[in-house]
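Here come two complexes built around chain A, the first alongside chain B, the second alongside chain C.
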Partner chain A sequence: MLSKGARAGFVFVGFAIAIGVILFAVFGYLRSSPPAIAATAASSQPNTVNVVMQVDGAVGVGPHPTWVGYWVRDAQGVYHQTTIFKVPERTHVHMTIYEYDSGGPLRNEVWGKVQGVQGGAVSLNGTPVSLINSSAGNGVAHTFVVPQLGVTVPLYGVNGNAKNFCNVGPCNLSEAHNTIQFTFYSGNTTHNYRWQCFVPCGLGFLTGNGGPMQNLGYMAGFVQVVK
Partner chain B sequence: MAIDMSQSTGVGRSGDAGGASAAPSSRYRLNFITGTIAAAIGYLFGHWLGNAIAGHYPSIVNSGSNDPAMLLGFIFGTVGWFAGLGALNYPIAKLWGREVPLAEKKDKYPFMEYFSYSTDHKVVGKQYLVGMLFYFFIGGLLALAIRTELLSPTYHIWGPATYIEVVGEHGTMMMMMMTSIVMGPFGNFLIPLMIGSKKMAFPRLEAASFWFTIPAFFALLSALWEGGFQTGWTGYAPLSIQGGVGQDGYLYGFAMMGFSMILASINMVATIINYRAPGMRWSRMPVFAWGMITTAFTMLLSVPVLIDGLYVLGLDRAVQTSMLYGEHGGSPFLWENLFWFFGHPEVYLLALPGFALTTEILPVFCRKPIFAYKTSAAGMIGVAVLSFFVWQHHLFNSGINPDMRPLFMLSTELISIPTGFLYLVGMGTIWRARVRFTVPMLFMLAVFFNFLWGGITGVYNSDVPVDALIHGSFFVMAHFHFTIMGQLMFAVMGAVYYYTPLLFGIKLSEKLGKIHFWSMFIAFNSTFIPLFIVGFLGQPRRVFEYATRLQGLNQWVTISSYVLGLSLAFFVVTFVWQLVVSRPASPKNPWESRGMEWQVNIPIPAENFERIPVVLSGPYEYGNPNAGPIADLDPVVVGSES
Partner chain C sequence: MAIKSDEVGSPAAEARKHGGRIFALWFVASVIVDLVVWFVWGPHMAPGFMTTTAAGQVFDFKVLTVLSAPVLLMVWIYGGYSLIMFRDKGTHEDGYYVKGNRKIQATWYTLTGILVIGLAAFGTYELIAPAGAGVGEGPSPIWKPNNAGHTLIVQVIAQQWRFTYRWPQFGGMETTSINLPVNTEIQFDVTSLDVIHDFWAYQLGVKADANPEVNNVAYTKTLQTGRFVVRCDELCGIWHGAMYNYGHVVSQSSFYSWAHSMEAQNASLTKLLPKFSTSYLPKDNVVGGQYFNSSQA
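Now for the complex of A and B:
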């Protein structure tokens, strides 16, 4: 039988190891998340920042390479597989989304209406659009929705039969895509605004909110409004 | 009294047919270290094999999800684990026609015995206790991670995917591992002592049932590092088919725990039916034994259905059979029904042992007999039987035939009657008793306070109109935490304080125990009562964000949960300290119990009883001046000279 002091020593060492393992699990794994990309200031317009993203038919890397997901471009022009971007408060955020995924009819056509953006319309390949009829043409591939800012933007899909269809990101501009541009206001306070794809995404997932729709770097993300 | 003590009654010392036999002595006994090494080798081989078989299929190439490799890795890892533990020596020897006797039981074992494939029910009981408490505390840490995220609706500690992974891990860890937190430690350790037996019926199955829990735990935990599983503990298809390889950890872990439960329950049923000492009539059997046998029968009938469902899910994931996938002609309802046919009896697999412990311990501190003993047994049987007729109340909102709803609403409400029996038996026992407010008794009283919240809300949870409103909300979550943690875990904590003299030969400090009890009781209620309100106000489960107006209540709950966590940490520290360092010795039968398990010496002799006792009266005859001793522990054996 070990002495009382030795037994106490083993107990202390045991507790120390347990606490170490817990801290490692928390900070080494659970706290990990995709990077947050800072928006770049617009050179031509005051009080405006630019955010450039692309949404691909499949991200091609990581634990879910077949999932549809987003990439965000940083100031150096490099794309990162993330859905988190930072913008300043009291700022106009000019978004450019390159959409590379095919589309289809919406389960609920109301999601085809553009809302919450300046001018009430987006630019779809240079043409102002305020409503997409998803039953016509290529349909809607995704929606970019920030509920607390009231922003809803349907993303027109590319032709699924396109010969230069891209399904592994990051895609390049020589491949079939649509360019959607719009601007929204970031609000007057700092805040973490959640955004995600609602309809047409989520079909087959628990309450429409599983899989890519709740994974950062895929179909869910944050608009981090900072000072 | 002279009785027949032939071998058929399980009488005998080591080496006899009915008892443990002399072991092959070996200096280098296989243990969990050799098991871990063999498991790692097995896992690597299985994973390699899976890649070799399926790695080139289009559905797997570049998918990041090679389910055959994961599942074969788990399967071969488990085989390696048992081979490394030495568990396969016996069946292999039998195949060669050799007989391998059980290891010899000892009064005192070396430390490494507790990390080996021991077939002594007292060692297995202790292994189970430490294992189950460990799993419980890991699940508890995950709960604190959930509550930390819910401190704020806008500032996020974890990402949304990490949050749902943590929720799924917590729920599954608690629901699947905690099914054995009573039968494992207390059932295996106490039942032979309570019924007057020297052993459990199938010591090797008993050992296997414990050692299955470890691959189950690690398979489940590994899911966190494999992208988690987003289905929660219910594993609904098609999400469970679409999920990444973390879902394989879920289904394999659950299946291994299912095997553990089946083995444990076979052993428990066989022991209680066949190994009762002479005079241990059904009407004299301890309530705890009634609880164990009803729980074991419920397990035996429900868990195989779950394993069947998991097998189907595994095939859908690994070889794409599409049995649960609606788009390809399968049916997700098949899974829902298979799962809940296990899943609702599962709730009673948690509740029944809690009531069994409570009813067993109450009369000791009330110093009066159990009120309506037979009603208690009838209540347990009633709950066990009816638990198989209620499962579709989980599917009220799933699109089932509406005509089925009233039937299952009625059957669910009916089950409150036998449950009420158990509650009223407890109340009747306490009524006009001269209660000794020891730490175990405080925990048992708390069981009834907590269960009242859980039980009453459960009755109207089962009503279709109410269920349609609160389904998927925190209200339901608060309800089942009151019935499971508030009932089962308080009973377990009380039992830990009550049975440590038997298990470890020490008596835990009453003063420290009362600090633990009051902090846990207050913090538990402060955590979960507000969640009824939060749920009623519309906060959904499994979502990491919520309405800003609910932030105050959520912060209150989170802070309360931290206090609850600190209380449990206080228990762990004081328990380990007293167990390992200070070791306050316990006298024999410190609670003055009449239970047969308390009539033995501390520490308990290797064979439990010198001779199989003859039971003379019931175990609850407190306050009866005419009650004789519960048993003759040294009966005269036919043909012997003593």
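Now for the complex of A and C:
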């Protein structure tokens, strides 16, 4: 039989461990974040990095596999389900986005105009485009907008009835997609620039702006401009 | 020190002596503080003097501070004087029995009553002058500027999580930035495409809620050139804290140069926009109601 003091000691230690575990879990959850993928230096162009992403109608993994979201490719060619990537300051960032989701009319057509990219236009499947009429064709699926850098890029949607439509990510290039390429300047200041989609694509949520629209790793992210 | 009935001089004379000291200290301090507030701090008070409404708010803050400072000073000086003069000096004797003074009480109640009612009347009047004081007045504003027919109309469209601006007098173009000409009456038509936001142009002294399907009108007149910040002031989601942008009040020539340049640059985009309206509604025949097209004023 343990003494009263020993029992009290066990209770105290057990209580301390329980509190520690709870705090560890709470802070672990609060500080959890999708991984940040470093951009890859461009071999052919100086002072330029490449970022490759794909956007899928359903990411297929994680706690919300049915949510629309992005994947970012690392230097080894492996895709990570995230919306955070690192680029150096004072650098030209060459973006390639493979768009696998279907589109529709924009809530506000102003987001169909390309802004803040070099040359004033993006390459959509090899064709320069500076404005997309979202009421025509497949419409706009999503937008890549970095407000503080002045970057706005509409992502033209794919045909939702295509036979090779990718329903669940990660998708591959044999499936229906659009390739959007553009370059923007990372600026002279290190900063975490937020970026977001301006298509209310959180289906099933109030005004379409809940769920994936409000969670990092899906339709909200950061361009981390570092030294 | 405590007033005692057995000290030299009557209690009433002692009370008058302390009362006179307190009044003198309070009066001098109030004059000094009010002069400093009006002439030293006042010219630097936020939100500044960029517009009539901002200048009006500075005037309100100055008046309120000048009138309320003496009240605060009376409390502090009376409390401080009591702590120093009336504290127990080690004799542990009871303090003097203080009786009420009806004249002083009546004077205090009257003055503070006049002050409170007067400030309420002043504040109420200032809420509507000039031209609604820069506050959203709803779709049918009562207080308009005198030359309401000659205002520059800027429609503020809030959406999660960015403000955009439409300019009906420039072909209905829509921009992601905002510039305003100096010495010009401005009419802001504020609305939203999704949830409730709030258009708060701090240095302009303009603040109006942005409600979906509602037009909320606010007026101001620009007086000075400079930079101002626009913030959302209603919690509206994950990027609420990042829903801001900067604008500029510029010379009239610079503004018209910018506006005409933007009108030309955005001509192809403007053709795709719905017809200008004071508010926008979901188009019912699109699945998901994602497209806000035309309007009902």
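Definition applied: the second predicted complex is superposed on the first by the 192 of 227 C-alpha atoms of A that agree within 3 Å, B and C clash if a C-alpha of one lies under 4 Å from a C-alpha of the other, contacts with A are read in each partner's own complex, and residues count from 1 in each chain.
We adopt the following convention: contacts are C-beta pairs under 8 Å (C-beta built on N, C-alpha and C of every residue); 3 or more make two chains touch, one makes a residue touch a chain.
All of these numbers come straight from a predicted model, not from anything done at the bench.
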Partner chain(s) touched by A:33 [first = chain B, second = chain C, both, neither]: first
Which superposed partner A:191 touches (first chain B, second chain C, both, neither): first
First (chain B), second (chain C), both or neither touched by A:227: neither
Which superposed partner A:215 touches (first chain B, second chain C, both, neither): both
Touched partner set for A:163, first chain B, second chain C, both or neither: neither
Partner chain(s) touched by A:115 [first = chain B, second = chain C, both, neither]: second
Chain A positions touched by chain B in one structure and by chain C in the second: 194, 206-207, 209, 214-215, 220
Complex interface listing, chain C residues touching chain A: 157, 159-162, 164, 174-176, 193-195, 237-239, 242, 245, 266, 268-269, 272-274, 283, 286-288, 290-292
Chain A residues touching chain C - in the complex, by the definition given at the top: 104-110, 112-113, 115, 131, 133-135, 145, 147-148, 150, 152, 194, 196, 198-200, 203, 206-209, 213-215, 220
Parts of chain A lying in touch with chain B, wherever the complex brings them together: 4, 7-8, 10-11, 14-15, 22, 26, 29-33, 60, 62-66, 191-192, 194, 204-207, 209-211, 214-216, 220, 222
Complex contact set, residues of chain B against chain A: 62-65, 141, 145, 154-162, 164, 166, 224-227, 230-231, 236, 238-239, 242-244, 327, 472, 542-543, 545, 573, 576-577, 580-582
